[in-house]
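Structures for review follow.
Both complexes shown next keep chain A, but they swap its partner, so chain B is in the first and chain C is in the second.
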Partner chain A sequence: MTEPLVRPRRKNPLARTRLPTLPPQWRSRTSHELTRAAAEGRFALQCCVACGHFTYPARDACPVCLSDELVFKDAPRGGTVLSETTLHIPADVYFRERAPWRIGLVKLDAGPTMVAHLHGDSKEGDTVRMSLQIDKAGQPVAFAQPQTETPHMSDDKQWREMTADPKFRRVLVTNGRTVIGQEVVRAMKEAGASIIFVGIADAWKPFPGEMALRAMDGVTIVPLNTADEKSTFDLAADIGAKVDILVNTSEHIRGGGLLDRHGTSTSVDEIERSYMAFLHLAQAFGPVMRMRGADGVNSAVAWVNILSVYAFANWPQFGQYSAVQAACLSLSQCLRAELRPGGVRVMNVFTGPLDTEWFQTVPPPKLAPRVLATGLVRGLKNGLEDVFVGDVAEEVHQRFAANPKALERELGQ
Partner chain B sequence: MPGSLRRPYDRIVVAAPVTIPYARYSIKSAHWWIGRALKALTEAAGITVRDIDGFCVSSFTLGMDTGIGLTQHFGLCVRWLDHIPLGGASAIAALRRAARAVEAHDADIIACVAGDTNHTDSFRRTLENFSRFSSDAVYPHGAGGANGSFALIARNYMRTYGVKREDLGRIAVAQRANALRNPHALMKTPLTLEQYMAARPIADPIHLFDCVMPCAGAEAFLVMREETAKALGITGAKLLGTIERHNAFGNDPMQVRGGWAMDIDDLYGMAGVKPDDMDFVQTYDDYPVISMMQFEDLGFCKKGEGADFVRGHDLTIDGDFPHNTSGGQLSAGQAGAAGAYIGVTEALRQVLGTAGPTQVKNAKIGLASGFGMINYDRGLSSGAAILAGAAS
Partner chain C sequence: MDKSPLQDFAAAIASGKVRIVDLTFTLSPDFPVIVLPPEVGQAMPMRIQRISRYDDAGPGWYWNNITLCEHTGTHFDAPIHWHTGKDLPNNAVDTLPPQDMIAPACVIDCSVEAGKDADFLLTVPIVEAWEAKHGRIPERHWVLLRTDWSKKNFRDYANLKEDGAHTPGPNAEVMRWLVHERGIIGFGTETIGTDWGQAFHLDPPLPAHHYLHGAGRYGLQCLCNLDQLPPTGAMIVSAPLKIENGSGSPLRVLALVSH
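After this line comes the complex of A and B, so read on.
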């Protein structure tokens, strides 16, 4: 039985903030294929093309036939816990601070055995469902949990280290004027966020959905114009130390490529409202979030960006928009590296065209903002790093992995 | 007992067992400890460093140096050089390689040395950089170091064969009694079974007295032909038989046996003796459970009878099954790679009759074993040697 989480009390302002420590970080280059799978929530293991055996840990030759054609592919998630132990005095600081900590050796249905973090409801002899998770160091680890749902399962202490569950956490949604922002607020509320700060620029200007937003319990409207450096820093000075999850919902979507636009004012706007907004937010909120990565049940845990999947390959119909999104994707990788010492993860949610006014002329399928928000929260609950929501995003993701050149050509036709 | 197809060792002796008394922590380098061991070897054999023409070293804390760097460091001019990174199996491997080398006259006097220092952060650093599989798949799960991994093995073994903590405690308690007679042992106070049972848990079912204490120290011996020993006027122990095995039983989902089980017929066949002939046994005791596994795999009892075996025997120096007579790593300390050697040097002293306070009466023949390298989920290397005194 998982002990349900208790809503944390207000923090004693005199208490020292526990500084983040990280689990061991080094991985072999080959093992980073597991990082890729974990980032997307897949359970992939090396499989030998020549003889079909799954292997683990990651190798550079098959231990059955010595072939070097080892490809990572999705593997059955089932397994059985052969043995478990509770680490009371681990050698590593991160685990010592969190002891007792349970691990097990799992015999995978796929064949190999895997040392894994054990969910509190999984015991020696149990069948388990395996996953690869991104840990606080941003690196892949194995996690074993019950095959079927158990009460308060996601409150498990060890599981919560692997995820960014909004439950009892305080969220900043940076732009509440848009339908996306409002859907994210709704989804966070449903996920049990304790406070949701919602940024509104120029509060005197009414916007659709305003009444409903203001009426929601637990929502605090805060003044925020992310394109403005001072506005962003002012808000960070006020609530920065209370933001556990920041969802960057800044958006500025305009159609058009390069040659059919005259002048640069639209482009400057795009850059200011997306790239510069992201930059302001990162510089204002990033440092304090990084400090608070191990600050109890409501520690700082995640930074979320909503990005266009066309950040990977330019879609000339929205060519400059795609370019700014690519810049934001690049910046997110920088932020991810810089937040890592704090154990704070950066999750990018990639979408295709959304079912909003700025994609009016684009034919379906288009992604409903509610589906986007649901996917975003699911990603946080599962501790993902790269989330592709909707059919278009998923398809572009696969096409990019298969042949980025083909994707570029076809998007340009 | 089936024979062995291997060529017996042709009058190969192992001499001059050396132990540089351990220290819990040392500000000296591994080089210093190894240097002290070399010096002690020359004194014990009445030779100079110039007489050593073969050198084999094992250490975890030499930094960027390997055997070759040490030749210049210590003024050794050798024609045979080895560096064995096999952890707890290093001594047996060194012994085997050196024996064949002197037998073939590739060298005449080989110094086999293991030594490590222990700074306050040495152990953690060794853990962090132990192996690729460990860094990829074990250390990030909090099981850095042997405790977590051996806890998984121990728990499975105990459940499978009905072994209780008390049974493992008997091994630890007997070793402590032995250690109290060894002036160099780091552990100086008696240990009762009650204290063993009441110890704090480290990683279930591993508790405090199941764990070795990392320390600094060095151990060494010389390998040569009998004629060389005679010319030097020293007595060596005869090497009767050895085995070595790596990555045995890879298809066992969990380790319940080591490579010894694959090779014991060869070991006893080569030596022409039976397990019952042993006057003492020095197992590799990183954990009592691993010693119990060796009682089974080395043929002193059947698989699964380890618990009964320890219940039915007295494992102290004066008992009916003298085991780890120096106190072993559990009570004397684990000086890094020297932990592989502690059983071999003690076995040499026993059969040479020079063990002093830990001497087993009339010890003529004995066995020392090694076990090492938990690369991922199990110890990969195993080895054993049978040594006999001059009179046998």
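After this line comes the complex of A and C, so read on.
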């Protein structure tokens, strides 16, 4: 049985904050197909096109029929723990600090045998549910957990290393003026976040949902205008060392493409409130979060961006919006690389049109803000990097993977 | 050597006989700007981006880039700002006559009334009552409306409700009257605009803008410290930035008050 997580006590100010260390981090280029699957929460293995056998680890030829046509494909998640090993004094610094650490050999229903990190409730002989997880170093690793829910299952020490569960963590939601921001606050509260800081820009302007937000227990309203450099740095100076999960809910959606929009002031606004906002947040909060990646139960653990799926391919109806989102996507990759030494993950949540005011004229399906927020929290609980919430996001993602040129043409029709 | 009036003036400033009152708000990123429906173009608030601060981007010096709207913070409205003044000569901040940048002011104190009613409207009878006490408003004078609105916190200052801003200002008749019957050089307020908060609903809409700029006159808004000015006799120095074809400009507004 998993020992339930205890709400961490206040930190001893005399104790040194331990610096983050990382597990080993080399993979072959082929193995990064596993990274892609792990980032999206899929369990994919190489599969032989000729004979249909799954194989692991990644190879150039099928070990059964020697065909070189191996493709990564979602595999059955079931398996059985053949043996387990507990590492008491590992040589690697990361694991040594977290010892004892359990790993095991798992015979997959798909065929191959895999070395996996073991959930505390999975013992030798047990059937398990397999997943690929992104570890602190950003590499895909196999994880075996019980097939059915056990008490306090998500509190498992090894599982928590693979995820960014909001439980007992302190969250900053950067813009609470929007429906999205407010739904994220609610979802974080339900997920057991200990404090939720909510940024409010231009406090002199009232906004819908303000009373409810201000009355919410566990919510601390903070002044934050992410489009403004000083405001963002001022807040980081105050609470930067208390932010374990930052959810960038900066949002500025305006319709329109390139040629029928007069002047550039709307475009400048879009860039300021999305791209520059992200940049200010990253420069203000990134360094301290990276430094706090191993700071106990409530260590800094994740940075979340909510991005449009049209960051991948321009949707001319919202053409300039798409372009700014593409810039934010690119910036998120830079941030991911720069936060990695701290073991802090960057999760991008991609959406199609939302069921909000600025997508009023767009026909359904449109994503409800609540669904987006729960998808975001689910992504954190499962330790994902790329989350596609809703049918439109999912479809655009698949079409982009299949043929980006076709997607471009079709969106432009 | 003969003493010129300017030498007397310099002596008066030095001795404190003439006091300088700063009527300007600090340009800061959180100072409210005019709020328009979100689908139309918006005024940009003050933004300050650091270039360097004695650091690797400039080891010995500190400076910033700034971006802001022509109508952010304490600012000046030129006639070209409004459709009624678009065809007038010298109607932009770069062409307006420099002698208009220094002019005397009449200050009408409505702070008690505005304190009781956020929708307080300045009317002709109120100005006539003021004239009965202080004399007729002379031509080419500023009329400054004191409401003490500048003393409020930013939220109460903007005072946005579901039906828009509720801030004091002039009605249509008084603006027509001040411009055409009294020949004022301009009208100044403590609120975000020269017009009443709900002035979209007046006839014509936004009458201060309509009448002032249509007659080539000016506006000053987001003023403060009007409570330090006498009803008459203060001299206003308001020189906008010389922005090419500019519709207005943030500026430092000074009042010279003689003791």
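Heads up, the rule we're going with is that the second predicted complex is superposed on the first by the 413 of 413 C-alpha atoms of A that agree within 3 Å, B and C clash if a C-alpha of one lies under 4 Å from a C-alpha of the other, contacts with A are read in each partner's own complex, and residues count from 1 in each chain.
In this section, a residue touches a chain if its C-beta (ideal position, glycine included) is under 8 Å from a C-beta of that chain, and two chains touch if they have at least 3 such contacts.
What you are looking at is a predicted structure, and each value in this text was computed from that prediction instead of being measured.
Contact comparison for chain A: of chain B and chain C, B touches the greater number of residues. Using the contact criterion defined above for the overlaid structures, shared-chain residue A:D92 touches chain B, although it does not reach chain C.
Once the two complexes are laid over each other on the shared chain, residue contacts for A:V115 go to chain B alone; chain C is not touched.
By the touch criterion stated above, A:P57 is placed in contact with chain B alone, chain C being left untouched. After overlaying the two complexes on the shared chain, residue contacts for A:G209 are found with neither chain B nor chain C.
Contact with chain C, but none with chain B, is seen for A:E229 once the two complexes are overlaid on the shared chain.
Applying the stated contact rule after C-alpha superposition, one finds that A:S83 touches chain B and leaves chain C untouched. In the superposition on chain A, contact of A:G218 is made with neither chain B nor chain C.
Once the two complexes are overlaid on the shared chain, A:S31 sits against chain B while remaining clear of chain C. No residue of chain A lies at the contact with chain B in one complex and also at the contact with chain C in the other.
Against chain C, in their complex, chain A makes its touches with residues 202-206, 223, 225, 227-231, 263, 265-266, 268-269, 272. Those residues of chain A that touch chain B in the complex are listed here as 23-28, 31, 56-58, 63, 82-92, 94-95, 101, 103-105, 107, 113-117, 124, 135, 137, 139, 141-142. Considering their complex, residues 29-30, 32, 35, 41-42, 44, 47-50, 153-155, 157-158, 160-161 of chain C touch chain A.
Within the complex formed with chain A, the chain B residues making contact are 123-124, 127-128, 132-133, 135-145, 147-149, 151-153, 155-156, 159, 200-206, 250, 253-254, 376-377.
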